[in-house]
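To keep things clear, I will list the structure first and then write my remarks on it.
Labels for the chains are A, B, C, D, E and F, by order of writing; each one numbers its residues from 1.
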Amino acid sequence: MKVGRRETFNSAHRLYKEGWSDAKNLEVFGKCSNPNYHGHNYVMETWVEGPVNPDTGYVIDLKILKQIIRTEVTDKFDHRNLNLDIPEFEGINPTAENIAKVAWELMSKKIPAHLKLTIRLWETENNIVEYSGN
Amino acid sequence: MKVGRRETFNSAHRLYKEGWSDAKNLEVFGKCSNPNYHGHNYVMETWVEGPVNPDTGYVIDLKILKQIIRTEVTDKFDHRNLNLDIPEFEGINPTAENIAKVAWELMSKKIPAHLKLTIRLWETENNIVEYSGN
Amino acid sequence: MKVGRRETFNSAHRLYKEGWSDAKNLEVFGKCSNPNYHGHNYVMETWVEGPVNPDTGYVIDLKILKQIIRTEVTDKFDHRNLNLDIPEFEGINPTAENIAKVAWELMSKKIPAHLKLTIRLWETENNIVEYSGN
Amino acid sequence: MKVGRRETFNSAHRLYKEGWSDAKNLEVFGKCSNPNYHGHNYVMETWVEGPVNPDTGYVIDLKILKQIIRTEVTDKFDHRNLNLDIPEFEGINPTAENIAKVAWELMSKKIPAHLKLTIRLWETENNIVEYSGN
Amino acid sequence: MKVGRRETFNSAHRLYKEGWSDAKNLEVFGKCSNPNYHGHNYVMETWVEGPVNPDTGYVIDLKILKQIIRTEVTDKFDHRNLNLDIPEFEGINPTAENIAKVAWELMSKKIPAHLKLTIRLWETENNIVEYSGN
Amino acid sequence: MKVGRRETFNSAHRLYKEGWSDAKNLEVFGKCSNPNYHGHNYVMETWVEGPVNPDTGYVIDLKILKQIIRTEVTDKFDHRNLNLDIPEFEGINPTAENIAKVAWELMSKKIPAHLKLTIRLWETENNIVEYSGN
């Protein structure tokens, strides 16, 4: 059984590879590399897979999962600049892929070990990534 | 090839474990345990996976799948109280996980055996479960 | 300028006119009159119309509007039975129209008098009502 | 007859009133005043109202309306920082209200005079504004 | 009080003005004039405005409104070619504007005279029209 | 890591098995076999799975994936009649299953070989198929 919880955060970012020139960053990342940043309403589904607890009928209490998501990810990322304000992106280009990976790593420490964690992240309604830890 | 069909039902329920005191139920299930019930617009995707029939170009005729979904699940659950009106939830706490499991069991008897059945159920736009029979 | 804020609540209800027999209620309201209730994920947009404050650039601070919506409506209605748990529906049939009217009356006392208030309420994705106080 | 066209743009911004101290800006605008910016996927519906051309069956050719929207607004705002990159927001706090107003003013010059223009703008799925020029 | 009901229909059409050459039709309507047709999932909201019946709490019973929509419009248009299969479009170019107008005219005969009728029609998620009878 | 890109196309089609009589086609495919065609707004998610490039932080540049989707599929299918205008459906019944299969085959030649390709296609908001090449 899998259960998922949808949460959102609104952040600024730019795509930028340290060590590359501005021209090279612009060539590879195009308008996503605008030096003054742009931003997104990120939509993140956090999925956990595991057995149903026969007492509660839950895989995990979604109130608890929501609290983990907020404490570990959305309270940190929301209304922030991912490049400047979030230490976890130090030296990491905040592509949707890397945001999902960072969110997965932050939450996997807090999710009970018998549950498999997957992150699905919409950067826009057209661009989506999914990460399960490998 | 997988094909999915989306149907909805609108039901009342409360989360309640028989044998627990009201205080214990309230402690574990919070406002979801309100004795006078609350309710949801449930959205259910029913997925079947199998080969494409070379004559029809179908895995399964979605008109037939829709009929199975309605006869087995949505006509029974819609505009009903899951705790009081549905015999299948006798002694079963109607969490999203258990609703998906009951729906899967009701439909799996009617789906051709060579097709793999998966249920994806939205209790709200933020709370989702998925069940494939194990 | 109009600004709108979307909030949700999940409630049980039944359509039932006091003074009518059960048979008459069933005839008029059909399955919506199920005595054990059913329920919905209500989606409510609260709109206010008025001038933009030149200092803030706001018609109304949406943080304040959100607080009014929650205090006056969604905290009261969410995870409740509209017929049994909400005094405002005493003797009032909780159709979508009447829910919008009750919400409008609860909030209009708290919205500054120079702002025009409109409620748009989705009972399901297919059934919608809109009320502006007359 | 009204016709509407939906387009999107993804921008960074912060809410900030020039002449107020940082403390005052933080007090009024909260996390929306984060100095390093945050961002949104803005969704903008542009509506025009007028008679149907009997030859074409159009109020306005939506290909033309789309071109006006892109040239005047979304190509300018998309993947930009509204505070830093867009001259139209010089001295104007980029609240949703003011973004709708600036977009209205940019487009109203290009829309035929017999058509009434309305902008509906979603900053998030929960925060919406609508502006018709007064 | 306004109430709206959302229904859908899936139709083929082409934009084509009788009396114009194929070249002129292609010039004005572009790819929408493809001689072999294309198609859409049309989403139609039917709104009626009027007083709330104090007995039922309804402006109009949505079961009745749904039946009018289906009998007058969606059962006729669904899985049809609007240019070839629907007599109401004889000599009328099936733009979104004209589809909304035809639907309004078909339904206005069946809606009680004290209720104001409005049609809102999505041709795609980006193209919308609204018609209230003038 | 998986990344997905959502694109749309609007096409006419009919379900029709060559070699079957019209009566047999009507019996099996019902209103979907209307000889004058009907149509849909198809929504297609194209997913690729593979490792993240450590330089770019991308599995694949979505600008490149978007270009492949448009060149191979949506520019060909959009505003076309799938039965009459698209050579790839010669002798193939354009069910959602077969459309997903044709799109997969067109794109798989252009996607780097180390990436796994999956197509998810919505024919309507209720009918969905998913295909991964086997």
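We take it that contacts are C-beta pairs under 8 Å (C-beta built on N, C-alpha and C of every residue); 3 or more make two chains touch, one makes a residue touch a chain.
It should be emphasised that the depicted structure is a prediction, and the values quoted were computed from it without experimental measurement.
Visitor: Which chains are in contact with both chain A and chain E?
Guide: Both chain A and chain E are touched by D, F, going by the contact rule given at the top.
Visitor: Nearest 5 degrees is plenty: how much rotation brings the CA atoms of chain C onto those of chain E?
Guide: An angle of 120 degrees brings one copy onto the other.
Visitor: Where in E-F, B-C or C-E does the A-B interface recur, with over half of the contact pairs identical by residue number?
Guide: Repeat interface, by the over-half criterion: C-E.
Visitor: Interface overlap for chain B and chain C, more than half of numbers shared or less than half: same or different?
Guide: Here the answer is same, because the shared fraction of interface numbers exceeds one half.
Visitor: Using only Cα atoms to place each chain's centre, name the chain farthest from chain F.
Guide: Chain centre farthest from chain F's centre: C.
Visitor: Which chain maximises the distance between its CA centroid and that of chain A?
Guide: Max centre-to-centre separation from chain A belongs to E.
Visitor: Taking each chain's centre as the mean position of its Cα atoms, how many Å separate chain B from chain E?
Guide: Each chain's C-alpha centroid was found; their separation is 34 Å.
Visitor: Which whole number of Å gives the spacing of the CA centres of chain C and chain D?
Guide: A distance of 29 Å separates the two centres.
Visitor: Among all residues of chain E, which ones touch two or more of the remaining chains?
Guide: Expected reply: 125.
Visitor: Can you name every pair of chains that touch?
Guide: Contacting pairs: A-B, A-D, A-F, B-C, B-F, C-D, C-E, D-E, E-F.
Visitor: Taking the touch rule as given, give the residues of chain B at its contact with chain C in the complex, in rising order.
Guide: Listed in rising order, the residues of chain B that touch chain C are 8, 10-13, 31-32, 34, 36-41, 78-81, 84-85, 124-125.
Visitor: Enumerate the contact residues on chain A facing chain F in the complex.
Guide: 15, 17, 28-30, 92-98, 100-101, 125-131
Visitor: Looking at the complex, which residues from chain E come into contact with chain C?
Guide: Those in contact with chain C are residues 1-7, 45, 52, 55-59, 61-63.
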